[in-house]
């Protein structure tokens, strides 16, 4: 009897956000295929099943209920949506299933002392915001030069979009820049007024915190109102190829991408092309392999697999692990650069090490500039979120959550890593 | 003041674009009494067809000219919309003669779902571009009067001209042709119209075809502004307050309504929005329309609602 | 034929549902109950009514006749408060109004039927007639939701009343049919039933017999006369069938183009030159 | 009467509404060319349904002909659209007027000319209609919804005449009309019949009138034809006299005087 | 032959006014309710509860409310999602802001605030009619979308704008498991269904229907149009509000305004029209149809695809789902414009006549 490890996938291949959702999901699936082609997780075969959420929370909940018991039980859930993360955060502890939200999810869930089952590995939205601002600072010559600058945050009006606000406000206070915020209503095709406001305010930078069609619309409106694109800086959900490809005014726009960025030249991409696509088993079109959002899917899948591998080391190599055991794995991830390089992720991402208190691990990000045909690295600098700023915010928020839910922080003996 | 004018122009121009979508609603409602919720889906579907064929044709046939590709794609998309019209009549409307407003409305919602699904599975669910060579850059006028000048958008200006022309053309068609009267008769009473030999089926195909054409033009203009993607169908939601404000049955109403809503929502967003948190334009448009309705329940130019006992 | 002739209706089932006023006795025409003074009604340029005055006495059957478009229905609409006349006043049982308000009119005891059937199509016969009783139903929303004591009892009481009307109008077997499915003639009866349920002092009937054959008209006349005789309900009747009008009314008003051209007993009206020219034609 | 002369031949049709309500239970009738045939009967007998079946307007009412055949000049027409029928000269004036509420009277009439192409003919027809109904001419610019019931009835008939029909299905034309107008309408029927050889199938409650103007009559009750015959024959039939003409012996009985007890029609069970 | 009402004579009007005057129906319903309370918890698995039954119950409840307004009173509303949202957020606020607030009261207060808001948005209905009103009700929808996103007070200043409720407890009953949640919702549904049924067969129900069918005539027989319309808005939004609170509290646990967006409003309207306007029963049929259909489609289509030998991608399935869903709606409307409830009663009528045709 072959051992199998089940990875449910909550995807959105239709609806307003499909342009980002499709390559993201394809990256996931291709990587699991690659894992199996490379012989599984210590011989355990990865199996997966997709469930379409259309990025809607209630459908996500239905998918969760449907998949959580299938194929011997779900190892984990990756929600691919902030809204679904919020809903599942309430449900998963009861079912003892970890929730992985690499690069997104709720920022306060980095605090493993309260959020036992959430893993915003490799960075949260708060980290995104912080690294984004650091990049802007580097453009003007340092954080101290931000003094008196005008920065406008143009954000998707949803829980996702709002995650950035506390960090930026804190930073504004610290560095004395002038922060103004303009919400954009879902799905984001109506931004005329927003850009007229921007034109009126003439900010030094616009931080684009968009999702789906909102991004390309923003860039088009920027062109239509004559706002220079090299003064617009996005985050990873605003930094995929589909956001900029074919948009005439997108050149010069830059985005700070929490790892990974786009990685067409990486080893893992070559492997996928060779071991999966070349055999005619590729999930999507070949051209998208290596694109930014696609790589996100690949890295997300890799993290889910590596957690299982870590858990196997404790609970039995070559055996299927349960969700609860997998959680131990995610809490004890130690992906060193060598390990990552061996997996083919050289120059795609940097090391991640989690602990029971720190469910995020690290928050490396790099800035890319769209040159009209591809994302180019803006510089080789890796940014990392300033934890001295993040931590207090995360802790306050997590404590508030714990208080509301009447949860106890995990005791020290339960938390020894 | 400069900013105010800028906002005003922006409002007027988005207003014209709303009118264009609203026109599709009005045409169908006026002539068949159907409140066509699928109009948004039709805009998306038409735009998708146009965008994709413009992309595919050069690949399939191996030619270069973007102009040619655009023209042929436009024609193909137009033809597709007429086929859609024909199918809608054949499979839906024909079987729902004489049913209540609510039933017809639901049926068009069903059509909308169908078109959304068909469009995405046939043409893909990515973001596609329509490039009909519209200039994207802004121009600034009156720079000597106001610092920074007043921003105008060439693309918007061209779209405004096209929309105005189309509206004018359709108004003529309805006023001057004998068909116009038959169309209105159908809207009033399906059965009576049938009884005097007005062929409902053909009339509906024609009207839906015209509405499909309007959707195509709207789709091309909006699509080239915003990109063609699933969310394009939401422009229909922006056009709804326009038609109730202008009156469901009035072509001039669609235009005047569009202008009022366009200006109203831009000014509200820019002047009122920052005070109460922003993002208010969509509900503001609806509330504005609602306030107008309280004074004229049939909209500004709509036909009076007749109650007799 | 004299108009105070009593009708022999001894073999009618005793319609005990309305408090009968000296049932079976010789009909007594009473005082003026409704007085319409100088009514003018315009719709834009159309003068529907011009300076119309007439009165209705208690217990009588008062007909309004006139060519199509003369303004008969509009007259009823003014009395009902559906239309608001520009000029003139309406006095009902001593109270004078510039404009009538539908609800108040109903409360004062004026009920009506409609020319083009205004039944509630989605409801059954019983439910339609029950709506006429709503005026008298007092329990509040919460009680109705819970159907506790008084609400349930009230419902039963009124339902009983309505069953009497159903019996009276002989539509028992259609009780729970949706009215939309009934033939036209029966719908007219339901319309009458709904008005009767309001226990009206005065009943306004707008062409109750249009589209009926002789037999059905006979039935309808019988109902109208029974209501009038036995319960003393005053009836204002609009009708185009001169046979019916001349046979059953006590007095007749004739309108033409919104103006009053005649008023009097059937015989007087029948012989009025203006009326003959404008309306009756020579065959009658 | 040879077969050639029969314009309309309805043969044993059954009609069901809503898949369950059986309304016509095998109705057969023939309408010869150039005649006026009356279809009489009480409320709910199925007259309207029969006319709808002929003019193909059943579908909109969720009704269907499930048995039997209908032929127009030898051609089967059950599955034609109403507009096909209008093209072939058959037009129905619907019960309850159904004017186009938002159109003016004149627009209503012109809408009736939809199938006509010849402008001269259309304006001649319009003149003709205005001649028949001067009242319509006076109200030509009012919206139909705001005209009185009688005016609407005239408008509906006039509108049908605008199609230049050879067969007119008239459903209760007298309903709600002032006596003079009723007379006029029937005169117009006779006129059109005589001068333009238009065939009429007339559903009426006003038996008296109908039998005066018709050549032949069918009496329907509960979805069946219970009696038929030439008009004067029917007029002299005792039952018809009593039940449909309100005559007792030779006298018309006053509506004021009759017993509530009545003889039941013997053809009703 | 089995479904006969012969011999069931009513001897009092009381008997005739029962909700189900035919004995077979009455027993069937009692049986069904017992089945739902006793047998279902034993038979269904957790997935069925959380993903199918609970949403079904809550949406039925909401549809009940919508049906009162749209089906009974004839005021087409496309803003029902907004009233659900008001219910959910109001219940949330009463719960978190008032110490020791019992769950039941919080849920009902959701209904109460929804009533207030509903009546406010009902005011235009006094002047505006039909489709104009329908579109105008969207104002409520967009206003609520905006308010709950942008006014931090409503979300108790939650930074993300997402709120959550934990630990449902009524008296000493902790509502934890899916079965308990199911029973909890079922209780609400049964109570409200009975109340709603009582209302629609009482004086007020007849007033609503009268206003729907012919408002001028209604006014003439003394029905107060204003009262009838506003009370329909009030009752309907109360029920919708409670349903919204349940949706947030019981089904989702954590939610954001998008949970009550425009799609939800349309969904409710769908349920009512597909199920049958002006039919309490129809609300259940419609909800079952709308909740179960997409799930069935998404589960069976891949299997069907495999049968004919190709793998159907998730995207293709969900596109097919859109198309089939749309097509089915149209198909149902064509087959029976008056909804599943009408289909059901026609079926019963045939059964009654069976084996004799017509």
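Letters A, B, C, D and E name the chains as they come in the text, with residue numbers starting at 1 for each one.
Rule of thumb we're sticking to: contacts are C-beta pairs under 8 Å (C-beta built on N, C-alpha and C of every residue); 3 or more make two chains touch, one makes a residue touch a chain.
This structure is a prediction, so every number in the text was calculated from the model and none was measured.
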Please find which chain has its CA centre nearest to the centre of all protein CA atoms in view. E
By mean C-alpha position, what chain is farthest away from chain B? C
Taking each chain's centre as the mean of its CA atoms, chain B sits from chain C at a distance in Å of 50
Separation of mean Cα positions, chain E and chain A [Å, integer]: 37
Dist(centroid_CA(chain B), centroid_CA(chain D)) in Å evaluates to 44
Rounded to a whole Å, what is the gap between the Cα centroids of chain C and chain D? 29
Could you list which residues of chain D touch at least two other chains? 21, 146
Would you mind listing the residues of chain C that make contact with two or more other chains? 73, 82, 114-116, 118
Which chain B residues reach two or more other chains? 120, 125, 277-279, 282, 308-309
Which residues of chain E touch chain B once you look at their complex with the stated criterion? 70, 76, 124, 127-132, 134-136, 138-139, 142-143, 145-146, 149-151, 215-217, 220, 262, 266, 269-270, 273-274, 277, 315-316, 319-330, 333-334, 337
Note which residues of chain E are touching chain A in the complex, please. 46-47, 50-51, 55, 96, 145-146, 149-150, 159-162, 164, 166-167, 251-256, 258-259, 263, 295, 298-299, 313-315, 317-319, 322
Where on chain B does chain E make contact in their complex? 35, 91-92, 95-96, 99-103, 105-107, 109-118, 120-121, 125, 237, 240-241, 243-244, 248, 276-280, 282-283, 286-287, 289-290, 293-294, 297-299, 302, 305, 307, 309
In the complex, the residues of chain D that touch chain C are 21, 40-45, 95-96, 135, 139, 142, 146-151, 153-154, 172, 175-183, 205-208, 243-246, 252, 254-262
Could you please specify the touching residues of chain B with respect to chain A in the complex? 3, 6-7, 10, 14, 120, 125-129, 131, 136-138, 140, 151, 153, 155-156, 225-227, 229-232, 234-235, 238, 265-266, 269-270, 273-274, 277-279, 281-282
